[in-house]
Each structure stands twice: as structure tokens, then as C-alpha cells.
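Common to both upcoming complexes is chain A, partnered first by chain B, then by chain C.
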Partner chain A sequence: MKEVTSFSMNSASDKLKLENEEIAIEVKDWNLYYGSKKALNGVTMKLPKNRVTAFIGPSGCGKSTLLRCFNRMNDLIDSVSVDGDILLYDENMYSKHMDVSALRRRVGMVFQKPNPFPKTIFENVCYGLRLQNVRDKQVLNETVEWALRGANLWEEVKDRLDENALSLSGGQQQRLCIARAIAIKPEVLLLDEPTSALDPISTLAVEELIFELKKDFTILIVTHNMQQAARVSDYTAFMYMGDLVEYTDTDTLFTNPKLKQTEDYISGRYG
Partner chain B sequence: MKNWFNKGEHWIWFSASAVSVSVVLVFGLLAMIAYKGLLHFWAHDVYDYQVTHSNGQIEQVIGELHDTKFKLVTDDANPEIVHEVPEYLIKTGNRDVYGIDFKWINSRNLELEKAKLADNITVVERYQWGNVYGYLESLTVDGQVIATGSAVKEVLQELAERGTALHEEILYIEKTVIGGINYKINRLRLEQKKLELEGEYDAKTEAEFEAERAVLNEEFIAQQTSIQRLYDQANELGEVTLGIAGGQKITVKIKQIVRFWQPNNMSLLSKIGFFFGSVGNFLTEDPREANTEGGVFPAIVGTVTMVLLMTILVTPMGVLAAVYMSEYAKEGPVLRLVRISINNLAGVPSIVFGIFGLGFFVYILGGSIDDLFYGYAAPNPVFGTPGLLWASLTMALLTLPVVIVSTQEGLSRIPRSLREGGLALGATKFETITRIVLPMATPAIMTGLILAIARAAGEVAPLMLVGVVKLAPTLPVDFNAPFIHLENKFMHLGFHIYDVGFQSPNVEASQPLVYATSLLLVVIIVSLNLGAIMIRNRLRERYKALDN
Partner chain C sequence: MQKKEFSSHISNQLNRNLEELFNHILEMGGMVENQLDMALSALGNGDVKIAKEVVRFDKVINQAEMEIDRLCIRVLARQQPTASDLRLILATIRIAIDLERMGDEVCKLAKLVIKFHKTEPCTTASYAGYAELVDITTRSRDMLKTTLNAFARVSAEDAISILDQEEIVDQVYKKARKDVTEQFKKNPENVECLLEVMTALRASERLSDHALNIMESIIYLVQGKDVRNMDQERLTKFLENL
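Our next item is the complex of A and B:
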């Protein structure tokens, strides 16, 4: 188990400062192209450890693309080419020697649409462990319980771990996917619009979960919902057309944005 | 009316009628095959006809009515009038006396309007020369008449049962026991040749071989004598004399009798019993008399073995090819060309596959295998001759496109999100494919196999070139290790139909057998498919929620 860092509610009185944070991921002059079309334009930013960082911006601004760079999911698309550096604790993610599978074990991801495997709930959660050839029944049982508790799902499914995961509701499925992601104890958790397919009650459950999880994980979340960004995140990055426009603590960004473009977006004037 | 067309009602009617026509055709086909085929197993009534010849002579014809045809004849008095005169095809049996089994008679020449049932007529099925239709007259054992007239039936019943029991015992010893000994002797001979060729056949091994051979020979002779004893017993059962139509007599040795029955004296219930008995014999017995009588058991075994072996061969080939093409290969002109080739492969006539199988598998591959491993058996080929393995391989090649295409279809339907889910947990591409993608594609793979089985089980043309024979001396699967003999030639129901129906000297006798065999082939294909469909449905059930 990771050391629990003290965390604070993001209130105006207790201001977060990026300069005071331990940095988990550092992005340096990051460019990404789909074929010849540039999708990310010289992004440079530092993402703090054990904090929730939200990425907002209009559709097509590159926030999901950027998120998928952090576990090299974009490798799957043939036409993508990149340059620049992304460091995970000073280790270059895109170096030739990087084992991509190992990287993805350190940087977990939850997708927009719940994507449980057509297996039992239990098998879904311990899938990552099985990949690492963990065979010990007790370890598996304990990890599954820990992960499901961590994802606030344990109480709902503890009596039916042998049922097919597809029999769960959408919200439960998404929390199952979160449990599946945290079961292998990654350092960073990427959430790509995790609540966009969920109803308000499930959304609330997932948001509460995010709040809990940042004790143990560095969380990066992409969202279309600005209230959500304001509610759950410590830092917020606003992106537009492949550029990182403004990036600071959430309070400042929503109450006192530096740039007019940001203000226009968060006040709903465009986007 | 215009409204009716606008709503598209006429399309619904069109498509519904197309479906109805297809359904009617399928069921009509099955019903016809089933009716004609199953009729073969029924205990038909035997009629007694009196036919007047042009010279005034009256001839008695006794037999089963098999077919009726109408001949158009102009009236003698008034040429304007044309009569339809029925002609009957009568199965008279007694081939050894009459020369042929069947006789056409014209209904105009019949003495009586109505056909008369022959009283107490007995039908005797023989191992050779087909059926006898006649009246039991006397039974002789060891030159002594022990029963005459109505008393014969009871005694004959008992003796005939003993005869069939003896026959089965002889068959078992000949086929299984002596067959096994022969198999071992032959293996010993080949082993010896192999050692001789390698120069390792010295005095010591020679002694061992001789000892082993002596044991086998002794066993062989012992079995031979026991068979001879059984033959003698069968000969001593005696013979029965029947009076047949035309006043002649036929004497049948009791060991020659498969079974006998008196159809006109049988109740409906015993006819039904007889029917199921005949079906059972058909399924479990070896063919007799150039395949025109007896059962089709070796053909059933051959067909099923070939299809199962084909399935085992085609599944890994097809699935691996499909996985490579849709998961690993880079999209481009080469892949497009490969795809087009595979699709076209499905349209290549099956006989071409047969030629390829013969040229490549049998002669080149099999020939090389023989040169490499079976040089000691020369000049007799082992794998360099058509056989089960090559037939299955040829069929696997023939059905490969179907399996590849449906597997690819299945793979492309697995949502991208699931692959990403697997990869995001640190799985490699290979792990994602084997643990998530392939299991979920199993229903599609099964669909491919179902189509492959349907195609392979019904195909005959290529098989004739690569392993199917009219009459195989041994089964491809038996009790001699290694139990499945890939190099053996085998029989196949499809080829059996062709052979019985069109290559047999006795077309009319074998016609019902053709229908019965066709029905059986359909039933076997359907049941193989049903098995596969059941597995697929179970798999689909598991992944069903995924389709939303």
C-alpha cells in the first residue's frame, strides 16, 4: 500500500501551489501528429503526484489524445507520430528501452464507455494479476476485495463475484473497470470521461470514488463537464486546438482565469 | 391499392413467398428421400399374379410390387381412344433361378383384376444371391428330412438363429481376432525389413523375431482351426427347400440365411419391429454383394472419421491465418491480394482440390514421407498412396476459406474498447488476443466450422482421388494400436451412394438403398452440425450481453 499523503479540500483559504508539489509526470514540448495533421502543439506541463488533475476544453481540442499519451495508447494507431518527452518520475516513457506493458501496469486507464470483459466479476478484477502470473488464491482473493472496496463496489457485488460482469448496471460496470485498473496498483490512473455514459447517481458515486482514490494514486481526468472538473480536481488544464492554454490550480482557473479565452469557455460563451 | 404498394406490402409478400418456396423445397426433398429410403426397410406384402402370355400360357409371378408406370396404348377397335395401361415392376427375387430380380408385367395380361396376396409366402434373405420368395416345403439335416409343410417354419426359426449366431462369431474371429494377428505379423515383417536395411538385424534379434512370429503363427493356426470348426458346425445346420413360382424348387443352406419372414402373415406391430430391425442392420452391418445389399457401417465410420479429422486440421490453420491477417498484417496491396485469393479459393471447383491433393499431398508429400521414414516398406507405399490423412487434409484445404472468412468476421466484431481495456492493464498484444479476443470470437469460429463440416461431409469428387474406395478391407479406426490408421483407405457415404446407384450391376435392387444412404448422409451431416450449433449457442450465451 502506498503512503497516504495528507490532502486538502480545494478551498480558497488553502491554496495549492504547483511549485510545492512532488511531480509525477513531466511533459516537455510534446507534439503529436495524426499523419500530417498536428493534434498536440508543444504541450509542456508538470502533473503533481497524488492530486487530481482535470483536462477540459471543447471537443477535438486534444485532451483525450494527450491523456492517451501517458500510457502510450496512441501507439495502437498506425498514423500517429510524436516528438518531445514525457517523463514518469524522470524516466522517459517514449525511450526505446521502455517496456510498454510495464509502463501500462504503472499507468492504469479507465475508458469513456465501461468495457468489462465478458468474464465473471472476479476474473475481471484479477485479470491484470493473472497477466502477471499471480496464482496464489489468497493473494487474488484479497486483492479483488481490496480493489472492489476501493472502487466502492464491494458491498454491491460481494455475493455474486461469479456472475458475468456484463450483468451489472452501467455505473457498476464503470466502477468495476476502476477496480480492475487499481487492482494492479498503478502509480497513475487515467480517467477518460469516466462518467459521460452514466446517470447522475452513478456519476456521483464515481466522483466520490475519485476523491477517495487520490490518496493512493495520481489521477488525471478528462471531462466535458466543467462542474465535475471544479468538484473533483485540484488542478485544471484548459486546452484548445491542440494547445495547452491555461493550467493552474482549479480554484484560480474557475474563479480568476488569466486569459480571456479560458474565461469565455468556462462561462459557456463558446465550446 | 397505391397505398398498399407505397407501404411496401408487396415486398413483404414477395419475400414471404420466396421463403415459403424454399421451405417447401427443403422439406419436400427430405420427405421424398425419407419416404423412398425408409420404404426399403418395410416388410412389403407379397402378391401372387397370374399373367397370361400371348400364346395362352398362364405364368405365375410372385413378388413385391415396387413401382407402377403407365403406358399409353391405342384402343384396338377405335384408334382415337388412347388407354393408360398400368405396368407393374415386381421384385420376384430368386436370382439364382430366374437370372434377374425384377420383372415388368402389363396389367392387361393379368388373369385377375385384383392382385392376390400369396398365402404363407416366405421371404428368405440370403448372404448371397438376394432374396428367395417361395413356400417352405421341407427341411433336411444330414440328408434326413426332419420337417415338412407347416412344421418347417418353427424348426427353421431355431436353426436360422443358430446360423446367424455362428456367422457373427466367424465374422468376429476373421475380422477382429485374425485381423489383429495379421496386423501384428505385418508390423513384425516391416520392423524386420527396417532393421535389415539399417544393418542391425543380427542373430539375436532374428531369434527374437522368430520367437515372436512363431507365437503369432501358432495363435493364427489355433484361430484358423476354431473357425474351421465353426464352419463345419454351420454346414451341419442343414438346408431348407422352398417351392417357388413356376413350380421350381430352391434349396437354401441354412448357413446362407440372414433372416426370413412371412410378410403376409405379419401384424402391423411385428412389421414395425421388423422395420426397426432392418434399419439397425443397415446401420451396423458391412455391405454385401458389391454393396447392393447389407449395411453401410464402414461408410458411416469413414465419413465421420474423415470429417472430424478435417475439423481438427482446419481449425488451427484457419484461425491462425485469420488472426494474422486481421490482427498483425499491415493493411496494403499484399494483404488485399491475399484476401482476394482466399475468397476466390472458396469458388475453386472441388475436383481441382482433389487433383491438388493427389499431386501434392499423396505423391509429393506422401512420397517423400515414404522415402524418409518408410524406405524399408518399399516397393509398397505407406503414405504415398491415397488415404485418410490426405483426404482429410484435402478437405481441410477445401474448407479453409470458409473458416478464415468467418473467423475474420468474428475478430472484426470484437469492440476496440475491449482490446484497449486489455492492453491498458499491461497485457501484450499477444496476451490480449489469446485471452480476450479469441475466446470472444469462438462463436464465429464455430460458425465457420459448421459451414466447413456441411461442405466437407457432402463432398465426394475430390475424395475419389485421395482416399475413398468402393470397399475398404479394414476400418480407419479399430482396436489395433495406434487405433486410428491415417494411411488406410476408407469408405464414404457420398461415394457409396454414387457407387451403389450408378456403378452397380443391379440398379433396380439398389435404388432404394441409394435413397436410404442419402437420408443417412443428410442425417449425419445434420447431427454433426447440430452438435456444433449447440456448442456455438452455449458460447454465444456467454458473450451475448456484449452485442448491445
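Our next item is the complex of A and C:
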């Protein structure tokens, strides 16, 4: 009989460690101002590849602002100014030579409210590809099927790809938006409260999808729902008033956070 | 960490439930302490009436454990506690299990008194190991008292004293076992009574193990560190650095 010398349930006892991870995005002393108001305060962090990192914190803490920095969405707001560095695989996102459209192809985003275009399901998914001048019908067909399967929506819509996307339910629309985002095969996927407008079952479907998608993508998610952060993420960052307060593996953050401020927030105490 | 932190949630319902958990554990701990006092009294005087009362009381302790489990399940299902709240739930479940088992062990002590009463040659407390049995049981009761105070204060400060006590209990237990074994050889006609004493000795030693387990659960609650199975040296070092 084989001798048993130790017992370890990998899923329970193997703790993730940031120093063992390959890093997709590195944020270095990052500050962001809305006019004269400072919204992000010297944020420094490393975001690991093929992992889900959740950003939590009260309203106005800067988590969505930070998320938008990762594909330069804040460029669209006139009053915003930034300093510091954000590197995507050692490439400075904010360098003068960065092609922002190319960056956004590499860093896709899904928003809180499902926002499909008033077009067919098929056209929604291949919209990004058409922008990239992909004309080959076979490539389009294959990509649409791949993206819809990836978004766990294919079985539900495969016979109605020509129908208007607005005819789908809210949960389906959100998964369609995820399919649209992954169709152009970005490296990073930003999810800004992707399930806050969805019912619990659709929420679970999207969460399951997030778990599947991390095999191919690096996922950053902003959520107000702490249980969701606890369920889906590998790492969690707690932010408060523009500061990154505590950032560690999700198991530690939700069972034994280092700082009282984090503990008070996640356990719903008066700070 | 302070106990008042468990009543500072925005959700008053969670505050109430966690307060209830604290109270339930202290109440259940008090029951086991009381049961231990009665068992000591029965052991000291050979009082069968009290011994029978101890055995009857075990049912109440078992019910308390189930009640604590139910409350823990409710809090887990409805309030999804995190961080120290979550650790409190886990610690509470573990402590309730240890208290329930302590109750079972105390019953074994009481049953010894009952059996001695029934068996003609075993009417005195002059058997080898009997004094140690009382000694270990008294120490275990004191250890339990210390751990319950530590739980009430949410403090792991007294952990080292529990470790010291546990070591003394182990030594006394070893000596008692040796004495009883000697008696087996010298007075084989008393084997039945000596076996009973041995069983009771083992039970009393287990009492101190459970008290130590409870302290480990309190350390987990306070420090978030699972110290079970840590060897004595490492554990002492860890506790000294708290």
C-alpha cells in the first residue's frame, strides 16, 4: 500500500502569491486628478496575468476611475490629468507613441449596463472585427461562434443570430457584450460592475463565465458586491478615498485582512 | 481585537446574532464547568446521586451544541460573514464540539463513581491513580475556566498558561498510568476496578486536550492563525511573539 505522509487539499491550502505570478499590468505611483481634485493617490500595484483581480471599496473610492485608466477611457474626459506609469507587459500605456485604438483592442471593456448595438446578434459580436477590416466570411463566422461559446451564450442564440440583439434578456445582453469584447481577442478584460443590472441567475452565469475566461484573459473587475469579489476573484484590492489600502490574495483579504480599515469595510462595520 | 468590535456592524441583526453566539458558548461552557464541579464533588465523596445528575446533564449540553450549530448555519446562510466574523463562526463551531466532547468525558468520570458504588471491592478511593484523577480533573476544570475567560475577552493572552498546564497534566497522567500498571501486576484481583480508573484517567486527560483545543480556536479567532498541530516549541515561540 502506498504510504501517505501528508494530506493537502490543493484548492484549500495552496495560497496564491503575487511574487510567483507573471505580471500583465504594472501600476507605478499613479495619480489622477479631476481638475484640481485628486481622485487617485499614488497607486502602485502589479496585476497578474490570467487571474481575476477585483477592486472593491465604497462609492467614490476611485476603483472605477482606476479601471478606466487601464484602457485610457479617462482620456475622453477633458478635466482629467494623470501622472505616474501604467505598463502593459512593460509597454507604457501612457507614452506619447501609444496608439490608443490599438491599446483598446488589447484591453477590452464591459460596462455596468448591457449596451448592445441595435443590430443583429451576429453583427454585435463581429463589430470589432469589421472595424479591423476583417472581411473573410469564414473567419467572421468562426470568431462569432467562438466568442459566443466563450461567453456561454452560443447554445441560447445559435438559431437566432440574425435577430436584433435588443430582443435578448438583460443577462443574455450582458453576455453578448462580453462576447463582443472577447471577439477581438484582447489580452485584458475590464469589467465595470458587470452584473449589477442582472438577476441572480444571470449574475451566476456571468460569474461562471469570468471563471472560464481567465484561462485566456487577464480580468479586472470592479464590483460593489463583496460576495461577488470573494466568489470570482483570485486577488482583491480594497480602495478608499483614492488610496489603494490593501491588496492581497482574495482568501486572505476575506478571512484575515491585515488592516482594520479593510476588516471594517468587508465586514460591514462602522469605520 | 476587542469584543465590542463584534457589535459594531451596520447590520444590527448581525450584531445580535454574534452576541448570541458569544453568550451561547459562554453559557454552554458554564454548563460543562458546572458538570465538572459536580463530577469532582462526586469523585471526592463517592456521591452516586450527584454522579447520576452529571450523566443526566449531558443531554442538555448536547442540545446546546446543536443550538449553536443552528445559529452558525443561520448566520452563514443569511449574513455571509467575513474576516473576524467568519473566524468567530468557525471558532464557535469548533469550541462547541470540544465542549460537547468534554461533557462526554465528564460523564465517564461520573460513571466511574457509579460503577465503584455498585462493585463491592471498589468502595474506597484508595486505588492507584485516583488522586491523580482528581488532580487532572481539577486542573482541566481550571483550564476550561481560563479558556472561557479568554473567549469572553477575545484574548489569546492566557494561551501560554494553558500550554504549561497541559504539560503538567501530561506528566501527572503518565505517572498515574505507570502506577496503575504496577497495581495490575501486584493486585490482579482488582483488575476490573483498575481498568475503570484507567478509563477515567484517560477521560480526564482528554478534558485538558479539549481545553487546549478551545484555546487554539481562540488563537485562530484573534490572530487568524491555525496553530493546531503546531509542535510545542513553535507554538510557544508564536505565542511569545503575539
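Here is the rule we go by: the second predicted complex is superposed on the first by the 257 of 271 C-alpha atoms of A that agree within 3 Å, B and C clash if a C-alpha of one lies under 4 Å from a C-alpha of the other, contacts with A are read in each partner's own complex, and residues count from 1 in each chain.
Note that a residue touches a chain if its C-beta (ideal position, glycine included) is under 8 Å from a C-beta of that chain, and two chains touch if they have at least 3 such contacts.
These numbers come from a predicted model, not from an experiment.
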| item | value |
| --- | --- |
| Which superposed partner A:220 touches (first chain B, second chain C, both, neither) | neither |
| Partner chain in contact with A:256 - chain B first, chain C second, else both or neither | second |
| First (chain B), second (chain C), both or neither touched by A:232 | neither |
| Which partner reaches more residues of chain A (counting touched residues only), chain B or chain C | B |
| Touched partner set for A:176, first chain B, second chain C, both or neither | neither |
| First (chain B), second (chain C), both or neither touched by A:206 | neither |
| First (chain B), second (chain C), both or neither touched by A:102 | first |
| Footprint overlap on chain A, where chain B in one structure and chain C in the other make contact | none |
| In the complex, chain A residues that touch chain B | 71, 73, 76, 78, 101-102, 104-105, 108-109, 111, 113, 115-118, 127-128, 131-132, 164, 166-167, 177, 180-181, 184 |
| Residues of chain C touching chain A in the complex | 5, 8-11, 14, 80-87, 224-225 |
| In the complex with chain C, residue positions of chain A that touch it | 226-227, 230, 254-257, 262-263, 266-270 |
| For the chain B and chain A complex, residues of the former touching the latter | 330, 415, 417-418, 420-428, 431, 435-436, 440, 542-543, 545-546 |
